[in-house]
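As written, the chain order gives the labels A, B, C and D, with residue 1 at the start of each chain.
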């Protein structure tokens, strides 16, 4: 495929989204069909690009000096791009039904919502396809901005507070990440993403440690989006947004771009050679390990369903970071595997929670009592996702944990073993907080009354697909992992 | 060092005067005293400038008795600068005074802090 | 025989002076037109000059027939021309954007006075940009002070007069110090023309004579200009002066006046003392500390404000800190960053002021945040302008703020000693900026409370009611984005200009 | 017998494959018999309860998964089925849907997962150091890889022991057992105690004897620590059972101590003790299953869970109490029951090992525990038959019990004895 199609995959949704917001579409259904069509078209183009990636990149525009905003599709891009472009159309479909419940003064606000939703798609694709750190940074900031209206959607006081926090955390984090960009400009051969890193030249005495410090800054900077402790508190708070946002953006797109950026940073910018075995690695790894446990513990404490899942996301994102900080190809494979698998599992469980919120108006864990009887289909899917998250063997969650643990054990570091331990502790805590919900739904103390309220096909189709994906990705994990291994090995 | 100071006692004096003016302008609350401080400060600078132009034993650069050697005259440029400076200082002082009058008419006090306090109370 | 273009600096200055005298005879409306035309003409002349210098290099222009080292000189170069053009552009936009407010806030009989002051202000700015003579610079600094004071107090209420007095006092302290600095330099070198002083200074440095007086002279001049351009901790006058004056004044003061002084400082550093000499004196370390503190404290003060105009004013303190930070890095790259930041901040801050007034207008002229809730829906274009300005301040790519942040960081990397502090300060400041600017943006885009619906003063202002204002804001946004996207030619220009300085 | 059937290959290391060996047969025998008996018994016990469809689905489901687990040919397969067994058996615990039942079920799940994740840690580590994961007598450790990393491998083994120990009720992670067993419906408690708890034991056997290799663990700190834990468990289980007033809870504590016998046999790493352990495995399975069933009947008949209310029960239901007595004999270890033979081998094997301290400590603990067992089981029998002078009948009518009670319990009782008389029938001729 011609490289220029990359522009299409990025800018078509952006412009189409802007047009959708501005266009005088009166009927709700027309608007929904248009939004869905945009995402599907983009997804198709993106998939075509991913399957058949163009060999060359494209340069959008020159910034200063030799620094450009350019796009190119490499292995990492393909993984993240594929994840994003598979989930987005489904999430949009789900949103068409969900938003009936959210929007009070209907079409106008909803149009903005879907417009922004589509735009975010384009921006995330740009992050996936970015060819250098500068381009990624630019679209990373854009991502913060375009998602603001989505979190702000309900315009309640809680939403405003959440948005503020989100903005400050994200922009602040980016500011620290920015430092690394500058240093790579100064000390790297290039800022183009290159597997193995770009720091090869002579580094003046004593400045290696400064450079490592800068890496730590950037790790925490990008870590904001990946909800790393201690900068995670925006994520649970952002749960006030409508579920399609929380599910897609705060479980996959936005937070995974943080993790994606960190993988890019470690493996494609600073390079594992430069960082492995230094204090910088141990520090970042330690924080990731702590976050794994911390997120889960908070999730157990939390009673609000969406916030609980958000904390669970925090912990799971740090699995990815843990894999990334192992700084071995195996670690990267583990990180990528979990990135993909967790995306599917978590969006599935979020969407189930969303269905419960939208259809039965239940927001807290203790309200789930006996819900399985009222929404049997939703809860079957929720159970599958929950089991997968816990890492029940056979489902996909087990295999991503397997890859991570393998990487941890193979690395031979004490920290690696501690990481494996943390993953298992977190798995136990996951079992606690997920099973608590499942058990409440299936084994109520008192039989609750209430008519059945399973959602319609627009919600059920995405949900079913996610549940199937949990199972199929588990069963057929070998080819996926093999593909990711090749990426980590630099073969793709 | 000491000899330097003694030799240039006039410059030292002008600097001391400058400092007095400066502190007045900076620290006094009363507006009129501030303006006085301003003038003291400016005057000190002019004194300094004039000193720079003055050369002992020489006279003003006006040709009298057909003497044309430059050695006989003092440097005229600083005097010109002093004149310019005075003009500037006069206009600035005038502006300050007019402002002070306005404030006094409004608040019947010359204390700047007091005025600020009143303004806060007005809530403007 | 010199080219005709070389007369332009002098023409601009004289034209300004003439038109300001003439305006005193005119009525408000006529004065407005005179002012507009004047700004355009001066801007056009500066632009021509820029291109001329790009082609032919810089020149000095002797006034009358007195040659150096006695006569008075004007110097034209790329950077001067560009600055002149830019100042005119910003001033024009600030004037058009604040016009409506001006009519409301200034008495009819005093309208023409306002234009006189603006003309004078332009005159002094242009003179500061072009002059090659230190004492002339001093005189125009004073003219600048006086006209700025007038601009502040033209809206006559207690606050503005008090602000004007405070401004005046601080300014006078600054100019006093500046003057002493000049005198000391004159004492040591015997010259007032920049290029001549530089030669003598270099000779002195080589011979090692008069080291201490030289240092003191530089320190006095820097301190004077720092006070005048409101570097922390001399910023106490700033929030009142910017926060309560009429909006055009605030925009001009914040984006041009302080920048004029800073430009003069850069000029002195390059053309009077010599960059090397300044770098070797450790004065830059002092300004570095104050700049860093200014960035942090400015932002923190801004965070604590609940008044939108004062918040924007305090943000100026931080931004001035940025510029001084760039200068203090003591590298060529840092200087380029500082100059770019002058442009970027001028464009952004005036836009923020102009947009803020649109928002307050739609909120019963209240400047408190709680009344501003949802104001971006009542005045859409102002909301857009404020949002764009805020994003630029935070340093989002596409906007000019990003480029200046990029440049500062790059400059910091080049200076190993100051690298980490600079970066950390910048990063923290970005976070603080994000906190208070984005908080405001979220606030103005939050829903309207039913409380305010239909209440007097909380009205929707449509675009067609304010065409001039709308155009201004759109131009501002365009200017900002242009600075952000097409930074390369501008940076080249700055680089060339700085080379010509040396 | 040796052919391996691979169901699905997940990746190069992980495959679902099945094979039948001696352990499989022993475990399968116990499981099938117990489930059959419990199934028949359910027809009596579960009459008139709600959610019967769910009950049967999960009851059969557990059996299927346990059978698959028994036949696992590699560790991954075993682990998959082990986890699934936990998940599928939890609805049986929570069947009553009371608050306590749900809490107990939750506790059961969490403890089990806790154990499972301990196992998983060991699994992760051993995956690196094993040639492959297929169960082979003598272990699959790749000694060239292990050399120099013995510490971590031993730690992994220890974690596995602890992890499987949770399921087997080993101290200190036993407390789910005494919560879940009493609260589950009686047929469920019967299979829980008889089979599911034993899954932990099977896990230990598979991990230590078939994956790591007994030689690697023998004589290391892992063995000693493990033995100490087991001896503590034995003593603690019996003592607590002795003081426990609630019948099913008393039986649950008894399970803790009895299963620890099996572990003790394994931990001695001695052939005789190993055989003893396997025999105890069967003997306890049959006896405890029958005891739980009888307890269920008692609870229905007296309407109370307390041991006190069993006074005089032998007057009305002598057959039932006799069955209880015979099963108790096996528990205590009195000939000719299987329990006696098992304990005999355990003690002989333990004395054979010559491990300092442990060779005599084990038998001593076993004997003390046997005394306590006699104490807590025979008091029930005594009180049942000889209620004492002050006994007043509670006035309940004597109910005629259906055959669905007598047949399964009777079969199990017979098996208890048969294990003692013709052990070779069950032990696959290993003696």
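As a convention for this text, a contact is a pair of C-beta atoms (placed from the backbone, for glycine too) under 8 Å apart; a residue touches a chain by one contact, two chains touch by 3 or more.
Quick caveat: nothing in here was measured; it's all calculated off a predicted structure.
Identification of common neighbours of chain B and chain C yields an empty set. Taking the mean of all protein Cα atoms as the centre, the chain whose own Cα mean lies nearest is A. Averaged Cα coordinates give chain A a centre that lies 44 Å from the centre of chain D.
Chain D has its Cα centroid 84 Å from the Cα centroid of chain C. For this pair, chain A with chain B, the centres built from the Cα atoms lie 67 Å apart.
The touch graph of these protein chains is an open line. Every pair of chains meeting the touch criterion is listed here: A-C, A-D, B-C. Partner chain B is touched in their complex by these residues of chain C: 70, 135, 138-139, 142, 145-146, 149, 153, 156-159, 161-162, 164-166, 168-169, 172-173, 176-177, 179-180, 183, 186-187, 192, 244. Of all residues in chain A, only 61-65, 137-138, 141-142, 145, 148, 152, 155, 160, 163-164, 167-168, 171-172, 174-176, 178-179, 181-183, 185-186, 204, 207, 210, 213-214, 217 touch chain C in the complex they form.
Those residues of chain D that touch chain A in the shared complex are 8-12, 14, 76, 79-80, 83-84, 87, 91, 94, 97-99, 101-102, 105-106, 109-110, 113-114, 117-118, 120-121, 124-125, 127-128, 152. Within the complex formed with chain C, the residues of chain B that make contact are 18, 21-22, 25-26, 31, 34, 38, 41-42, 45, 48-49, 52, 77-78, 81, 84-85, 88, 91-92, 95-96, 99-100, 102-103, 106-107, 112, 115-116, 118-119, 122, 124. Of all the residues in chain C, the ones that touch chain A in their complex are 391, 394-398, 403, 405-407, 409-410, 412-414, 416, 419-420, 423, 426-428, 430-431, 434-435, 438-439, 442-443, 445-447, 485, 487-488, 491.
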